[in-house]
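Below you will find the structure I want to go over with you.
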Amino acid sequence: MIYITRRETFNAAHRLFKPEWDDDRNLEVFGKCSNPQWHGHNYVLYVTVKGEVNPDTGFLVNLKDLSLVIQKYILEKVDHKNINIEVDFMAGKYASSENLAIAIWEQLEEPVRQIGAALHCVKLLETEKNSVEYYGKNN
Amino acid sequence: MIYITRRETFNAAHRLFKPEWDDDRNLEVFGKCSNPQWHGHNYVLYVTVKGEVNPDTGFLVNLKDLSLVIQKYILEKVDHKNINIEVDFMAGKYASSENLAIAIWEQLEEPVRQIGAALHCVKLLETEKNSVEYYGKNN
Amino acid sequence: MIYITRRETFNAAHRLFKPEWDDDRNLEVFGKCSNPQWHGHNYVLYVTVKGEVNPDTGFLVNLKDLSLVIQKYILEKVDHKNINIEVDFMAGKYASSENLAIAIWEQLEEPVRQIGAALHCVKLLETEKNSVEYYGKNN
Amino acid sequence: MIYITRRETFNAAHRLFKPEWDDDRNLEVFGKCSNPQWHGHNYVLYVTVKGEVNPDTGFLVNLKDLSLVIQKYILEKVDHKNINIEVDFMAGKYASSENLAIAIWEQLEEPVRQIGAALHCVKLLETEKNSVEYYGKNN
Amino acid sequence: MIYITRRETFNAAHRLFKPEWDDDRNLEVFGKCSNPQWHGHNYVLYVTVKGEVNPDTGFLVNLKDLSLVIQKYILEKVDHKNINIEVDFMAGKYASSENLAIAIWEQLEEPVRQIGAALHCVKLLETEKNSVEYYGKNN
Amino acid sequence: MIYITRRETFNAAHRLFKPEWDDDRNLEVFGKCSNPQWHGHNYVLYVTVKGEVNPDTGFLVNLKDLSLVIQKYILEKVDHKNINIEVDFMAGKYASSENLAIAIWEQLEEPVRQIGAALHCVKLLETEKNSVEYYGKNN
């Protein structure tokens, strides 16, 4: 078993808040991250896939294919977007890093399988200090 | 003459657009950076000041003082904010990195002088790939 | 299960040596790290905690709480300190990265539980080239 | 159990291609990485070993020993070399990152054991965006 | 005057040697960098341009235009290439970082002018430890 | 004129204090950096030299020579040392980054000239957030 990781970045706006709370209550729980006028991040995304090396190429998967999958299923939907408003796979979810990492996993699991690998980990850095990792619902 | 640089970060939302243009024209010129629903960045700010070493302390300035100046005049105004809407010193300006760096310079020039140094450079990284430097209007 | 990592830094002095050995013997085993006049590092600390996402907030834990725990139980005790002499939880232990990572784990395990997560990993970088990871005594 | 990681770098040339294919077919599958005139990388290598802390030193292993093992068995053979042509332990293998990481594991497994630790992971970054991890054939 | 910097990367093979010397003499002067079978690097290129902010856009230049200029005049010619053999603008020159930085300057000076800015600096990192800067022949 | 920069690192202990003040007064001015039991840093040192490219080699200077100069005149004296007590060229000076950068300049100016270049800049990072640059006493 070998593990391959691809690093990508995207820039997006978001806001942490519960719609059923008013701004004061949101500020109390989510702090400045609840700013109603949004803020944003240069998110860094690490996608790790696993499987056997193909003896015919020396590859697990062609990185070009993995890159295209991440481009199509994630980057085109989140880059330069508002996570709360414009990302279909985040509809109805709080725009936390935790939820975003889990949703990215769910988007990528099947397309990664179709290029011949298994999704192992989605790691998402919101800032230099804070990151989230998700390994699927059975892990 | 010695030069001291302090690195700080802030997270903010912004949008590149001309209000007198419609969304299509803005998209044409500013690309995805014109998204009406905003996007954002982890901005990295380097503030460089210069002057003589104080023989009494071995310091140009106390870095705690420089840090407090940047905190008060910049970070409290831009961190977790919307650059286009909420930052007083950016009112009426396009929220480009160029304009933001120049405006940060104008905010810091006098307070830096008051702690005993001269502002030398404001460097602002919008992403890992793009940065701006400003050395004042006579340079 | 989701994993959250917080990155913090601290600056400290230390020395590798066995008190029952003389300086020559210490130099032989520990090299320049045994310098009796100390040396120091910008330590980088990654604390990873795990658990379920709270459906009420979209968080595993509030990162502000995790940050406060690390601040109180670790950073206030080690930052700008001498690891060998001044850190209560390192008393009687060699000031190696291995022992420091294990001791940090022991300090954090219970406070992390009290904010609603389980400690997963303590990773400590002594330099750009050398790091240590500890996952608890059953792993 | 504690885990220690050592980071090293080396610069090498390589090329991805199947000798039984012509240049056009290689270009189709391997893209610009198949360039017959070679290209190269600043590879970054992370070697992670595991074991118990030696109560006599506070170390898992002396990092100087681990560094010497990596120097002797890997860096002297790959640094400033052509991976396809000049590296004995890559003879007859495609010069992919996957195969290189596995071969580095095989080179290091026994020497790491002889300094008193168990090899846990070989991680190899080919570029800032692409990396490979290998944990041995039973993992 | 404002300064904008764009960061790009490329992977290439090269070799330091004088064709009129034999391999032993080359090894003596250029060390392992003279390896006849090549080695390579992940080069990091920083291109800094300067000029006035366009009041109509808030930009010095559209970064998309700067990126396209670097892509067309540099990256397409050097990425995944052999600097000694395949790069037209390095023909007849030693493939040192110094010469490469100067040659990149000469390639970019005119195209940068055509997008409305002046080339200020070409900075080239060969490794994490070694870099070169060139500011044009009058500086 | 071309500029070459070499990056090196060293680990050292230090303390900011005036010997004629008591610990309380030192704490007031220098904060936790005045800790009498020391603290330390992974210092990062960038040495930039300038000159003309030697047409015979394509080099400004052989980087091996520059590296040896930095090794001999700086790293052997400061690495794993106590800056306040053990570094001859810092005797009688406050161990601030400003003074350390200036002293490193004075150590390197003549040896750099002897390998055929002119010293241009000494840049010293004490932490990720704080750095100092010195360009000589006439700049």
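All chains are identified by letter, namely A, B, C, D, E and F, in their written order; residue positions are counted from 1 within each chain.
Simple rule for what comes next: a residue touches a chain if its C-beta (ideal position, glycine included) is under 8 Å from a C-beta of that chain, and two chains touch if they have at least 3 such contacts.
Model, not experiment: these values are computed from the prediction.
A.B. asks: Hop across touching chains from chain A and tell me the fewest hops that reach chain F.
C.D. replies: When the steps are counted carefully, the minimum from chain A to chain F is 2.
A.B. asks: Same residues or different residues where chain A meets chain D? The copies count as same if more than half of the interface numbers are shared.
C.D. replies: Looking at both copies, the contact residues mostly diverge.
A.B. asks: So, comparing C-alpha centroids, which chain is the farthest one from chain A?
C.D. replies: F
A.B. asks: Could you pull out the chain whose C-alpha mean position is farthest off from that of chain D?
C.D. replies: Result for the farthest chain: B.
A.B. asks: With residue numbering as the guide, point to the option in E-F, C-F or D-E that repeats B-E in over half of the contact pairs.
C.D. replies: Among E-F, C-F or D-E, the interface that shares over half of its contact pairs with B-E is E-F.
A.B. asks: When D-E is set beside C-D, which has more C-beta pairs in contact?
C.D. replies: The comparison resolves to D-E.
A.B. asks: Give, as an integer number of Å, the spacing between the C-alpha centres of chain B and chain A.
C.D. replies: 28
A.B. asks: Centroid of chain B to centroid of chain C, CA atoms only: how many Å?
C.D. replies: From the centre of chain B to the centre of chain C is 34 Å.
A.B. asks: If a residue has to touch 2 or more other chains to count, which residues of chain F qualify?
C.D. replies: 128
A.B. asks: Would you identify the shape of the chain contact graph, picking one of line, ring, star, complete or other?
C.D. replies: Graph shape here is other: it fits none of the named patterns.
A.B. asks: If I apply the definition of touch given earlier, which pairs of chains qualify?
C.D. replies: Here the touching chain pairs work out to A-B, A-C, A-D, B-E, B-F, C-D, C-F, D-E, E-F.
A.B. asks: Which positions of chain A touch chain C when the two form their complex?
C.D. replies: Touch residues, chain A against chain C: 16, 18, 29-31, 93-99, 101-102, 128-135, 139.
A.B. asks: Residues of chain F touching chain E in their complex?
C.D. replies: Spelled out, the residues of chain F in touch with chain E are 1-8, 48, 53, 56-60, 62-64.
A.B. asks: Considering only the defined contacts, which chain B positions touch chain A in the complex?
C.D. replies: It comes out as residues 9, 11-14, 32-33, 35, 37-42, 79-82, 85-86, 127-128.
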